Amino acid sequence: MIIVMKKNSTQQDVEKIVEVLKEHGLGANLSTGSQATIVGVLGDKTKLGDFDFELMEGVEKCVPIMHPYKLASHEMCPDGRVVEVGDLKIGEKKLIMMAGPCAVENEEQIMKAALGVKAGGAQFLRGGAYKPRTSPYSFQGLEEEGLKMMRRAADANGLKVISEVVAHDQIDTAGKYCDMLQIGARNMQNFRLLREVGRSKIPVLLKRGISSTIEEWLDAAEYIMSEGNYNVVLCERGIRTFETATRNTLDVSAVPVVKERSSLPIIIDPSHAAGKSKYITALSLAGIAAGADGLIIEVHPNPKAAMSDAAQQLTPEAYAQLMKKVGALAQVVGREI
Amino acid sequence: MIIVMKKNSTQQDVEKIVEVLKEHGLGANLSTGSQATIVGVLGDKTKLGDFDFELMEGVEKCVPIMHPYKLASHEMCPDGRVVEVGDLKIGEKKLIMMAGPCAVENEEQIMKAALGVKAGGAQFLRGGAYKPRTSPYSFQGLEEEGLKMMRRAADANGLKVISEVVAHDQIDTAGKYCDMLQIGARNMQNFRLLREVGRSKIPVLLKRGISSTIEEWLDAAEYIMSEGNYNVVLCERGIRTFETATRNTLDVSAVPVVKERSSLPIIIDPSHAAGKSKYITALSLAGIAAGADGLIIEVHPNPKAAMSDAAQQLTPEAYAQLMKKVGALAQVVGREI
Amino acid sequence: MIIVMKKNSTQQDVEKIVEVLKEHGLGANLSTGSQATIVGVLGDKTKLGDFDFELMEGVEKCVPIMHPYKLASHEMCPDGRVVEVGDLKIGEKKLIMMAGPCAVENEEQIMKAALGVKAGGAQFLRGGAYKPRTSPYSFQGLEEEGLKMMRRAADANGLKVISEVVAHDQIDTAGKYCDMLQIGARNMQNFRLLREVGRSKIPVLLKRGISSTIEEWLDAAEYIMSEGNYNVVLCERGIRTFETATRNTLDVSAVPVVKERSSLPIIIDPSHAAGKSKYITALSLAGIAAGADGLIIEVHPNPKAAMSDAAQQLTPEAYAQLMKKVGALAQVVGREI
Amino acid sequence: MIIVMKKNSTQQDVEKIVEVLKEHGLGANLSTGSQATIVGVLGDKTKLGDFDFELMEGVEKCVPIMHPYKLASHEMCPDGRVVEVGDLKIGEKKLIMMAGPCAVENEEQIMKAALGVKAGGAQFLRGGAYKPRTSPYSFQGLEEEGLKMMRRAADANGLKVISEVVAHDQIDTAGKYCDMLQIGARNMQNFRLLREVGRSKIPVLLKRGISSTIEEWLDAAEYIMSEGNYNVVLCERGIRTFETATRNTLDVSAVPVVKERSSLPIIIDPSHAAGKSKYITALSLAGIAAGADGLIIEVHPNPKAAMSDAAQQLTPEAYAQLMKKVGALAQVVGREI
């Protein structure tokens, strides 16, 4: 950390700061320029706790240098982490494809969906059983019954299951049926849930919060990893901006930024970003071109009858076509599906 | 709901839509203009579930007319709800003042804080015992021990206790020590927590999510109220924007907007909005001038030693000065402290 | 400026940086901590031009310490600048009130408006003659004819005239009729216009750009001041955020932030921030409570017939009522109207 | 347009609205549902000018149905416009590549840059001669001298010239040396400049404003086109959001949205979006994969010495490598370089 002093700060101000640093077992390196004095903090900053130097006399501002996350950082694993989900590996040359309906509705729907996404080339069946809905009067999901249906549909088609948990006491139940758990955007800073899913050791897909910075997202991953669960895959799903043409704004730059700062795999969710099925293909191709490790896409056997988020779900046929395009693109960026 | 057809939509497209509406027990009112045909939906829209007409042929867009929230709406209680916390009433002429440290640190600190905020004129002692922290390596709160300390400090000074819960299984414990529970910005869409706090019937302070619209916020209040707990007070604490001069941007307009759309009381949290103690007085006055029903402010007996969020905590002396100004202002806007 | 080196940077990397600094006539102060080496730049940073150290080997990031603006800074005039417009002074105890229609429409309308705002207590008549409109098919303003009408209406009522210029070749003409020129939000970074209005020496009201940071805003003021025109008043008029309940989000915190960083007076435009007349009173009171030096409000003799922005214009009667409330509030915050 | 009445509106309220419509030569179609009455406006809405029905008694809200832009719309030219710049066509199968330094600095620099970008495969040499700079103390460009240098460098290498104008009185001069004029993000709503560049009939590259919606961008294009200049190419260059990891957030979704709503070609500027050269390749590939018609990229013969925006400029070698990747990708999305 660097502490920048105000132009009119006094020698005494600086001395007090050095003293406080000493009290915390830290050293100081003073640099007196023509415009400002700068105090470089020497030693392990975590000894300071939340002590805030900006409150001290004569301090203009404090500038952090280090990221708070460690396990999630690129330095910790410069070759990139590969997350294993059973026999599947996420983060290698082969792209990972997750697909399925927004919500599990009934046995027939999820079975048809599983057939459809398998035919299109997916490895994971996705589907919501515990739904986080903005209004209490909206459909809230089939819960454990839905998970059972998903498991059967997935098994019948050789697929893995991924589904969202929205509270920590769902983890045990969901863990019985799912190969991977999803933490949704609204829960990215539900720290209790992050800790518990970390303790479960079940692989996790961590969606970015709708207005979370990339740094906060990596901090959230760190919560999971700090409990010993390193099987974390990130998922960019659009951020909230002033633009209303799309439901959210896909931050495709997050892909190269995450690849630079972290070792974790990252996939793209074009369905929630676009909010309209007509833009999904363009965003999927953009995501893979930017270096993403896979896609999670909403596919419904009959989108017009879907119980939630219908506008953003593809038919299995549309999904198969999309996957062909992704496959062709994958090759020219050194990947494969 | 209104369904706007595309310019080039066909008669058949419109007929299909009318048919779908009929299937759901709804009527249609057609309006064919020179530029577009419009289908007005007649009847209770909730019968449609999540059916999405934007997926049907020939549809340009759907426009919702009604808010999804009902209990939280202004129409449901046009004179405004008054939330009672013991003998205190929030939403009447008298402004409600909550104050205290960001986090409970130890017996001495919270006792001094309680003394200080009581002297300044507060009715509630606030303080975090379960802290939602961005990094897993930050101080996470004293939990039940902290709540006990708060209760003792509050009782010794004739104050109510408000504290945050971050997971639904903390509600019972917190309910033993707190007069009011706080749902923090990060948990505004933790729907499980909202439901459970609704079931508890304990009065709730619901902070606005950092990037939540006012409509989403009222939907969140509706979650709590739909469980029979009408004791909900809203708290504006700043939203995330591109501006970095303040930690968040206080959306002071939220006060008149909430007063128009909802019957719930609303208070202002200038501490989290500003992120710097030097701006807190200006924002407090602005909030009360705009019509807010109270303030929640971070006060620490020794801000420079605080374990978290130090930059935004006031000394008891500064708080007392602020309260004097608020008191003078209150009178000219028809309120009192 | 501070240059933070990467953890794995080499001695050679640091030496090259010192060398580049020397070439530019600057010194370096090295601070080698346990986690990173930091190079403090000694001397006048402007000698570096736009040289970007982040491109050099081993550099993690550069941190600027000084603001780029000087004349607009608080340090340059710690007691605050008072802008004189004829016999009026902006930035002293007395609040300055500007009011009038969005656009000048005809002689009768502007005369009635002038009468109305004078009766309400305004000192300035505002009104658009050159309108910046989003669509080329919208009403674009009466231009010089409109300015003449404003001047006559203002003179008949003892008011000053303020009106917007949207291109530099309008300054001479507008200068003949206006006491103060307004630079609108869309032109806050029209640097040519800023320079020319600076050269004109006519007092300027500089609105904040819809997505401009406060720092960029002060940089824009610096453009005007760097041409020798120190008569600059800032105007906060709402920023673009995700919230749609109001047209823009009034950033009321900008008032104390500007007061801290700059010496320039700042007023509030609640009309454009709210976009709805029903919220204007609340925002006006909030702005003055936060410390603003005045208000600019849209008032129309017959808002329902207005040619533009009708939803946000008040009647003269509503304006007079608002001014009474502002007057009462002014006293308790040490101001007067 | 649709006018939605309040739940408690009266028959009289509705009648007044119908009357006002009649006065403007428009018809009304009433639709009385169980929850609200809706008035569909029949006829050409432009007859209403800016009349705002939201001010009338009993009105809940007005919902526009039509876009204000016409010439820029998809309907006006469903096969897509092809913009011709001399013998080059933008908007066909072949992608158009523009490249060059941020600013023209001197003869040698621009000549080397032209050589480099030509070798990499660009058709246009870009470079700033009139620079819009945030601070008045930054380098402002070589103006006409810079344009002459660009022209010579371009001619020597068989390239077209594109450069930015920031004021309308630069158009004549810039038109002598440039094949295409650029309107920068800060001037996207400098309506005077848009009109004049429209009158000039010179092809225009219109950058998106940093916080402009896609609708506002198309409105800006309409300004140029309404003067008879249909040679408009759009350029997405990143929008302002809360994320700070990149200089702006590339809104890659803008590509499919523009393709759906408009007939104009659209290219991507990854340099200004990323703000760091290390992310440019990923964003370039993403843009082309999403369907963009070309790229504009900052290339400098010696980025470390560049006078402005150095962090985001590529070397000619890096540019050539990038172009190879783009070429390979182009083929799988049905394009070519």
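The chains carry the letters A, B, C and D, assigned in the order they are written, with residues numbered from 1 in each.
FYI, contacts are C-beta pairs under 8 Å (C-beta built on N, C-alpha and C of every residue); 3 or more make two chains touch, one makes a residue touch a chain.
Quick caveat: nothing in here was measured; it's all calculated off a predicted structure.
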- Message: Quick check: more C-beta contact pairs at B-C or at B-D?
- Response: B-C
- Select the chain at the greatest separation from chain A, using centres from the mean of Cα atoms. C
- Message: For chain B versus chain C, what separation do you get between their C-alpha means, in angstrom?
- Response: 31
- Item | Centre-of-Cα separation between chain D and chain B, whole angstrom | 39
- Item | Junction residues of chain C, two or more chains touched | 211, 240-242
- So, in the complex, the side of chain C touching chain A is made of residues 2, 4, 7, 27, 29, 31-36, 38, 40-45, 60, 63, 65-66, 75, 211, 240-242
- Item | Parts of chain A lying in touch with chain B, wherever the complex brings them together | 46, 49-52, 54-56, 68-69, 132-139, 166-169, 186-187, 189-193, 195, 210-211, 216, 219, 222-223, 226, 240, 276-277, 303-311
- Task: Quick one: which bits of chain D touch chain A in the complex? Just the residue numbers, please.
- Result: 211, 213-215, 239, 241-246, 249-257, 260-261, 273-274, 278-279, 282-283, 285-291, 325, 328-329, 331-333
